[in-house]
Each structure stands twice: as C-alpha cells, then as structure tokens.
Amino acid sequence: MASTSASLSSPAAAVAGRRRYREFFEREGIFSWLMVTPPLLFLAALVGYPFCYGIYLSLQERPVAQAGTFVGLDNFVTLAGDPVFWRVAANTMIYTVVATVLKAVGGLGLALVMNQVFPLKNLVRAALLLPFIVPTVLSTIAWMWILDPSFSVVNWTMINVFGADKPGPAWLGNPTLAMISVIIINTWRGLPFYAITLLAGLQTIPAELHEAATIDGASTWNRFRYITLPLLKPVIFIVTMFSVIFTFSDFQLIYVLTRGGPANATHLFATYAFDIAMLGGQFGLGAAVALAILPPLALILVALAIYMRRVG
Amino acid sequence: MSVIKTSPNVPSRRDLFRLAAAAGVGGLGLPRGAAAAGVTLTFMHESSFIKAYDTYMQKTLVPAYEKESGNKLRYELLSVGSLQTRVTTAAETGQGPDITLNFFNWPYLYNEKYIDVSDIAEEAGRLNGGWTDSVKEAVVVDGKWKAVPFGNVGQLMVWRTDMFKAAGINAFPDTWEELYAAGVKLKVKGTPLGFELGHGFGDNHGWLYPLLWSYGAAEVLPDGKTIVLDSSETAAAVDYCRRLFKDTMNEEVLGWTDPNNNKSFLSEQISCTNNAASILWFAKNDFPDMAKMIAHAQNPAGPKGRFHILAPWSHSIFTHSKNQAAAKDFLRWLMNPKQLRGWLASADTYYAPFLKAFDTDPMWNIDPRYMPYRDSLATAHLPGWPAPVSRETSQSVAKYVVVDMFAKACAGASTREVIANAVAQLKQIYGQS
Amino acid sequence: MVEGRGFLRPLLRLWLPLAFYVVFTLFPFYWMAVTSLKPNRELYNPRNMPLIVHHPTLKHYVDLLQETSFLQWTWNTMLVAVVSTVISLVFGVMLAYPLARMRFAGATLIAFTVAATYLVPQPLLFIPMADIINWLNLGDTLTSVMLTYPTLLVPFCAWLLMGYFKTVPRDLEDAARIDGATRIQTMVKVILPLCGPGLISAGIFAFTLAQNEFLYALIFLTDTSVRTVPVGAIAELIRGDVFYWGQLMAAALLGSVPVAVIYSFFVEHYVAGLTAGAVKG
C-alpha cells in the first residue's frame, strides 16, 4: 500500500509527511504519554493540592478556624506518646487483616460458586451484589438493629428456643464482640465486590485449559491449584491491595455504628483523626493521625509496584 | 455602559446594592430591612427531632421574615452529626451560610470566624429578664458574645413510673446511692437501667460529667491548667459507676451511641435512662399509652451536690457573610418574644430557653413534665467545667477521656488504672507530659 | 455409587455454599424489608419473633415518597453516578492501556503515583477540596461531585483494567497492528471488546462507590434538591437521637434493589461479551 503511492510526487510527500506524523504518535513513548497525561493532570489538580495541604497541616499547631504555627514533627511526637493512638493503630491492623482475609477467601469461594451453572443464575448473581450496592450508611443502620440484643435473631433464638438468660451477648457492648461485629459487617459489605471481580477473572480463563487438564486426569483440586489460581493471581492481587487500602481508611461504617466505642475498642485511624480534627478542633494533630496511615500503605504500594514490574 | 458590557468583573448593580447593604444599614439610619431588600440569607440548622419545630420555621417564620424585611431566607437543614463538619468547612474556606446553629462550645472553637453579637444578646437579655448565668460559659469569649443563646437540650433522667412502682419505688431516687438501690431491684424485675457508656455525641457526657462533679471531682481546676482528676473523689465516682453498671444495667450500654437508649426505652427494655426529652415526645406520638407512664427527673445528687450538663443551642454569624447587617437584624428579629415564643412552643419546650422571663411563660404549662428541664439549667455546666472552655477541654471531649475512664472501669479495669490512664491523657492534652 | 456422587458433588460444590452465601449476604436485606413493613408499634416490640411481620403496612414507604424528596435524590444519585463512572472509565482506560501494554520511561512511577492518590486521607481532604469547589464556583451543583468522585475512582479503575489488559494475548494486538490499525484503533476495536468483563467490573465498582459516597456529598450538596440518597436520607430521617427506622430501611431498599436489577443485565452481558471475544480470538 505504501509503495504504490510513492510514484506520484506531491501526494507522496504528503503521505510521507502524514506517515512520519503518524509514526511519531505511534511511538510507544509518545503515544503512552499522550494517553496518560490528561488523567494525570486531572488527579494532580484535584488531589495534589489537598495532599500537600494535609502534610502542611500535620506540621502545624493548627486549631480550627485559626492561624497555625509551625511546630515541625511535634504532632507526630505527641502521637507516639498517645496510648489511644497505639490502640487505634492496633485496631486498624486487626480490622484490616482479618476483614481482608475473610473477604478474599470468601469472595473467591463465592466467585467459584457463581461460576457454575444453576437456575436463575443471573438473578442470584445480582442479588448477591446487594450488600455492595446499598448505601453504607443505610445498611449500617440496619445492622444496628440486627446487633441489638433485644432484637437480634441470634439472641432471640438463644433465649426463646434454647432458654438462655436474657439479654444474651452484647454484640457492640463487649469490646471483643464489637470488633468481631464490625469486621463481619465490613466483610459482608466487601465480599460481593471481590466475588464479581474474581468472577470476571475466572471467565477470562480459557475453557480449553481445564478441558485439557481433565483429559490428562487432573483432579478438581489440582485444576484449581495449578490452573485457576495462577491465572487469577494478578486480579486477586490487585483487588486485595486496594481492598487493604479501603479497609485501612474505613470511616462510614464505624462512624455510624459505634463511633469508636466501647472505650476505643473499634476506633480506627480515620474515625480517630476525624474526632480530633472535627470534634476537638485540632487540625494539625488530626492531619498527623490521618497521615500516620501513610507508611504502612506506602509499603503495600511498593510491594504492588515491585510485583507489577515482575509480572509486566 | 460599554465598560459594563466588556468587563464581566465589574460588580453588577445587585452586587453593589448588596455591598451597600452590608456596609451598614444602621449607620445610614435607614429603616430596618428596607436597605437590605433583596439579599438572601442562609440559616444553617441541624434537623430537629421535632419535625414541627422545623416546619414552624419553614412555614411560619420564614414567610413572616421575608414579608417584613423584603429579604430571602434559606433555612438549610443538616443531619445530626453533620453540622460541625459543615461549620468547619464554612469557617475554613470562608464560604457558605451567613448564620449557623452552634452546640456546646462552638462559639469558642470558631471564635475568630464569628462576629461579635453582644449588642443583640445584651438587648435580648435586657428585654427578657436577663440570661441564665450558666449559658455564658458557652457563648461569651474574651468578654464578647460570639453567639446568641437559644435554648438548652437538657439531659435528664427519663423513667417509667409503672416499672418503678412494680419494683416498689414510687418517687424518683434523690441520690445516686438511692438510684443504685432502686436499679438493683429493677434489674431483678427484668427492667434494668440503661445509661450510655459508649462514644455517642451527648447521652454519655450527659450523665458522666454530672456524676463526676457530684462526687466533688473534676478534670482540671478553674485555672485551666492544674490537673486534679487523680483524687479520692474521682475514685469514689468510678467505683460507684462500676457498681451501677454491673448491678443495674446490661453489657450492651458500653457500645451504645445516642439512638440506642431511645430504642431500648421505647421497646420497654429499660426502665430509666439519661436523655433529652425526645423519648417522651416520640412516645406521645407513637405510643400514647406508654407516654402516660414516662416522667422526667433531675439528675440524682452526689455527696457534693447535683449537677447537669449544659447543652446549649446558640446562633452565630460568620465573618465571611456579605450580609452581616441583615443577618444581625434577622437574629434580633428572631429573639423577639413574638417570634421566639412561637418557635419554642412548636417544640413543646424541648429547647429550654435561657432568658429568665420565659421561666414563667405559659408554654411550660403545655406539659409540666418538661419542667425539670427548665429547673436543671441553674446547675448545668459544659463538659470540662470548672475549667473555662478551651481547646484542651474540647480535646478531652473529642478523645472521650472521662467517658472512657468510666467505661473501662465498667468493662473490668481497676479504678487506679483507669484514673492513671485518664490523667496521662489529660497531661498529654495539656502539654504537661 | 455413581448416582450418590452425582447427588453429593453438586450439593457440596454448589448448593451448600450457595445457600450459605445467600443467607449471609441477603439476611440483612430480609431484615430491612421486614423492618420497612412493620408499623412502629410492632417494630419496637421485642417480644415478637423478629423475622415475621404481623401487621404489614406500607406507611413507611408512603411517608418516604410523600414527605421527602426521595425520587429527586434518586435521580440525582443516578445522574452523578453515571457521569462519574463514565469519566472514571475513560480516564482509567487512558492510564491502564499504556501502563499495561507499552514500555515507556516513567511507567512504574506513574502507576505508583496513581495509586498513591489513595494515601490522601479523605476525612481531612474535604476541606481543601471544598476550597477548590468554591474557587470553581460549583458549590451546591451536581457538577461538584461529578468532578470530585472520579478522584476516588480513577486509580482503582486504572489498576483493575491494567490487570485485565494483561490477560489479552499479545498476538491479537500484533495482528491488528500488522493490518495497519493505529494504536488507538487497536485499543478500541481489539483490546477493549475483549476486556468487557473487566470494564464492567470496574464500572460496577465506580458506579457503586459514587452512589454510596457520603462525605463530599455532605459538604458540597446542601440544598435538598441536589442531595443524593445517602445524604438526603440521613438528613431528613435521622432527627436528633430519633431514627425513623422504617423509612430509613425503605430508602435503603428502594435505593439499592433497582440498581441490582440493572446490574443483573450487565452480568448477563459480560458473559455474552466474553463468549463473543473467545470466538474471535
């Protein structure tokens, strides 16, 4: 196609020009940067300023609605000596690790179940997405009833069927049960998204691979272990990492349900930062708490980056 | 003409008009409202749990004000817990509503972003028998009124007369010890007490600070510096609280936030709680039979007296408002008994006014059961009292220092340990660690 | 023996786990439905078996629709969610395609930076964000949240799509390039159709998060006519320490079930899209 047009002189020049022009834009480096620049500018404009502002705040003694004074790392030093801060850090770790593991394992299980053939499949698939769809503030309010000892089905059954003593377990009053409860709610809410994402991943695995393995006599477990899991790995990895980030900075669920109680047993970084900055009017210290999530999350991101480079 | 056409930056005639209005209605001696005609004021409020109260503003006061002043008034309603976020954003960015509602010590927190409204507050006081002294803790900052007080959302004892009677108690206990004795009997009957010990906004502070004070204890001295929480009085209060929790309540109260005790009381799970008048109000609408058996009482007394929490609602004007003069006129208009009485009455006196002239107002006759809310004002103080309002007292509330001290004791920690923890937190907050 | 296996295997592999998941995920919705149908008198009565409605009433639904602007909020929510989802998907593809398929200077750094967006803590970010919105004069407009939500959505969409793009065999792309397709054409006509499931799951993620978002909506949307469902419902159905439980649950159901129905079509589509892709490949 290119060689035939070369015989005519002036159009040929134009074509050559266009081709050079095109080749320039088709170069990987140029094309890539043209693509990524607009979204990057968008993110930089809307997130860059707030991010710098947050760091700037954390280095100040800064009461709300007043001018601040620069105090260097004082706020972080204060936090290091704050027992509640360490409690909050421990809570956040437990909450994130346990909920993420439950969501990942449970989500994979749900994806495997939904990947099978059964009647009303689409309806069930959509219905199982509901916890993820319903606005968190409203679903958390429903959980408030479900966990109320006077109304909880578990307590009702224990008391009325098995004759246990009233009022039964205090799901949000006992510090340990409260943590377990919020983890279960977080799992309930996040599980469907894992499932739908992993289901999408499962469906990109060519059926021939499984068929071939079956012919070779591989067991179900072996097919899962050696075909499904490795091919799903990139998707599992990405979803898990982001799930960790979102769980780490969870706010709405705790804020509606316990606001950190009983006695800080469910306080997380985000709710603690919010209380200090909003209720207490200490922006600098609040920003410092909020930024304390940076090092652990940065570690996760570094792991991600290394992983992606190895895979990519 | 041509200048205006070519340059969009030249203020329009309406803007100029607004500027003129803002520059000083009073100064020019113009009749109120006339000069400010055409401005729009935004008045930000938390949605009251009494719908009729918001409706009264929307359907009666707003049209009346708009007609009298020629201004527009936007009554912006926010959900519970959202107001402070919005006030903070407005104060920080210098944009948003002209007038806002405040709770607790906000006039102090946002002091620099609120204009001085001493003239309005003092005039209202002069015309209405003066202000209850306690409210000044919350609204007067450095000698200036930064907000005009509106009413107190008292936290009092709400109890079921029939359940108490069934346990052989005919009047509400006068002291904490008597309440304990009553509570033991009530719990045996399957109708325990239920006081919030979790991280709510108000129902926890509402009884735990008064409990602390009534045993003669405090976090900090009136000098605002000396931490005195580590005392035998505090220990006595903590020991009492642990007993009260163990023998008269169920474990769930440790995880409660503000709606839980309402739900528990209305579903007849508990015989007594510490709350605002919202329970009785709701029962009157939805459970009229139960409502007949609900009564209010002041907090019990301790060895060192009887105390209550001060939970004032007040109104402030932002310094960023372009219509400060009109906003002040509006507040002055609102504080006129003609308007104020109607608004207070629409809420069944849920908001107890701080103006003494209203103590004898006929609105209290609607239901005398609300009277304790009026009578408790004299012994009401802000969290952190007797220290003056400060950033430190705000931090202590935000970190639930006092609430968690009690809660941890109830969950099993030793008195010595929980006090030591609380003192360590206070030292850190006050920069003494 | 064979029959036994044929009965037991689907029971263990499908029906038992499915039943568990259905109960676990849908029980709270059953609860919401029951709560929304109970009159207050019954709702507050703990002596009843909590899972049964004795005197069902539609009062909470009627109140919700008549006394609040629920339909307006739903419309606002859908509009905002659709627009921010589209923006996020477009930006997500623009980031993900080069990052997954090309070698160019700074790729790793960009991928890292994009994800680092999430390090900015939202509970504090809203104040400077409000500054930006005020500066653009967008307060109280739906545009304000259409613009800010993608900051929460783009990074995840980009990363998720990167994962899917990598699963497409490189030969397909090379074939298209040899046929003379430009990079854009290759991306739009070859890669994107093959990544339908990925696009849909990123879209579902973005849409859901957008309709769920609370903090920005609370700060930027103050007029009841521009509120979204979560903010509007909380503002008008929680009054003081009194919750209008029945109406709140009605709002939760009315706000989520239609979306689930719409998703069910998408779920079907992406299965279909995938088979088509497989045939082409």
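Going in written order, the chains are labelled A, B and C, and every chain counts its residues from 1.
Here is the rule we go by: contacts are C-beta pairs under 8 Å (C-beta built on N, C-alpha and C of every residue); 3 or more make two chains touch, one makes a residue touch a chain.
Just so we're clear, the structure is a prediction, and the values are computed from it rather than from any experiment.
Colleague: Which label fits the chain touch graph of this model best, line, ring, star, complete or other?
Modeller: Contact pattern: complete, every chain touching every other.
Colleague: Of the pairs A-B and B-C, which shows more C-beta pairs in contact?
Modeller: By number of C-beta pairs in contact, A-B is the larger.
Colleague: Between chain A and chain C, tell me the centre distance in angstrom, where each centre is the average of that chain's C-alpha atoms.
Modeller: Each chain reduced to its C-alpha mean, chain A and chain C end up 13 Å apart.
Colleague: Centroid from C-alpha atoms only, then distance chain B to chain C, rounded to Å. What do you get?
Modeller: Distance between chain centres: 38 Å.
Colleague: Check each residue of chain B and list the ones that touch at least two other chains.
Modeller: Residues 85, 88, 92, 200, 259, 263, 267, 269 of chain B touch two or more partner chains.
Colleague: Taking each residue of chain A in turn, which ones touch at least two of the other chains?
Modeller: Residues 150-151 of chain A each touch two or more of the other chains.
Colleague: What are the residues of chain C that contact at least two other chains?
Modeller: 46, 127, 131, 215, 234, 243
Colleague: Would you tell me which residues of chain C are touching chain B in their complex?
Modeller: 40-41, 44-46, 126-127, 130-131, 134, 139, 215, 218-219, 222-224, 231, 234-236, 238-243
Colleague: Would you mind writing out the residues of chain A in touch with chain B in their complex?
Modeller: It is residues 63-66, 78, 81-84, 144, 148-151, 166-167, 170-175, 178, 257-264, 267, 275-276, 278-282 of chain A that touch chain B.
Colleague: State the interface residues of chain B toward chain C in the complex, per the touch definition above.
Modeller: 44, 47-51, 76-80, 82, 85-86, 88-89, 92-93, 95-96, 200, 202-203, 258-259, 261-263, 266-269, 275-276, 278, 282, 286-287
Colleague: For chain A, which residues are in contact with chain C within the complex?
Modeller: Per the touch definition, chain A meets chain C at residues 1, 22, 25-26, 28-29, 31-33, 35-36, 38-40, 42-43, 45-47, 49-51, 53-54, 57, 109-110, 113, 116, 118, 122-139, 141-143, 145-146, 150-153, 156, 160, 188, 191-193, 196-197, 200-201, 203-204, 206-207, 231, 234-235, 237-239, 241-242, 245-246, 249, 251-252, 269-270, 273-274, 277, 283, 286-287, 290-291, 293-294, 297-298, 301-302, 304-305, 308-309, 311-312.
Colleague: In the complex of these two chains, what residues of chain B are touching chain A?
Modeller: Checking each residue of chain B against chain A gives 84-85, 88, 91-92, 109-113, 190, 197-200, 250-257, 259-260, 263-264, 267, 269, 391, 394-395, 397-400, 404, 407-408, 411, 421, 424-425, 428, 433.
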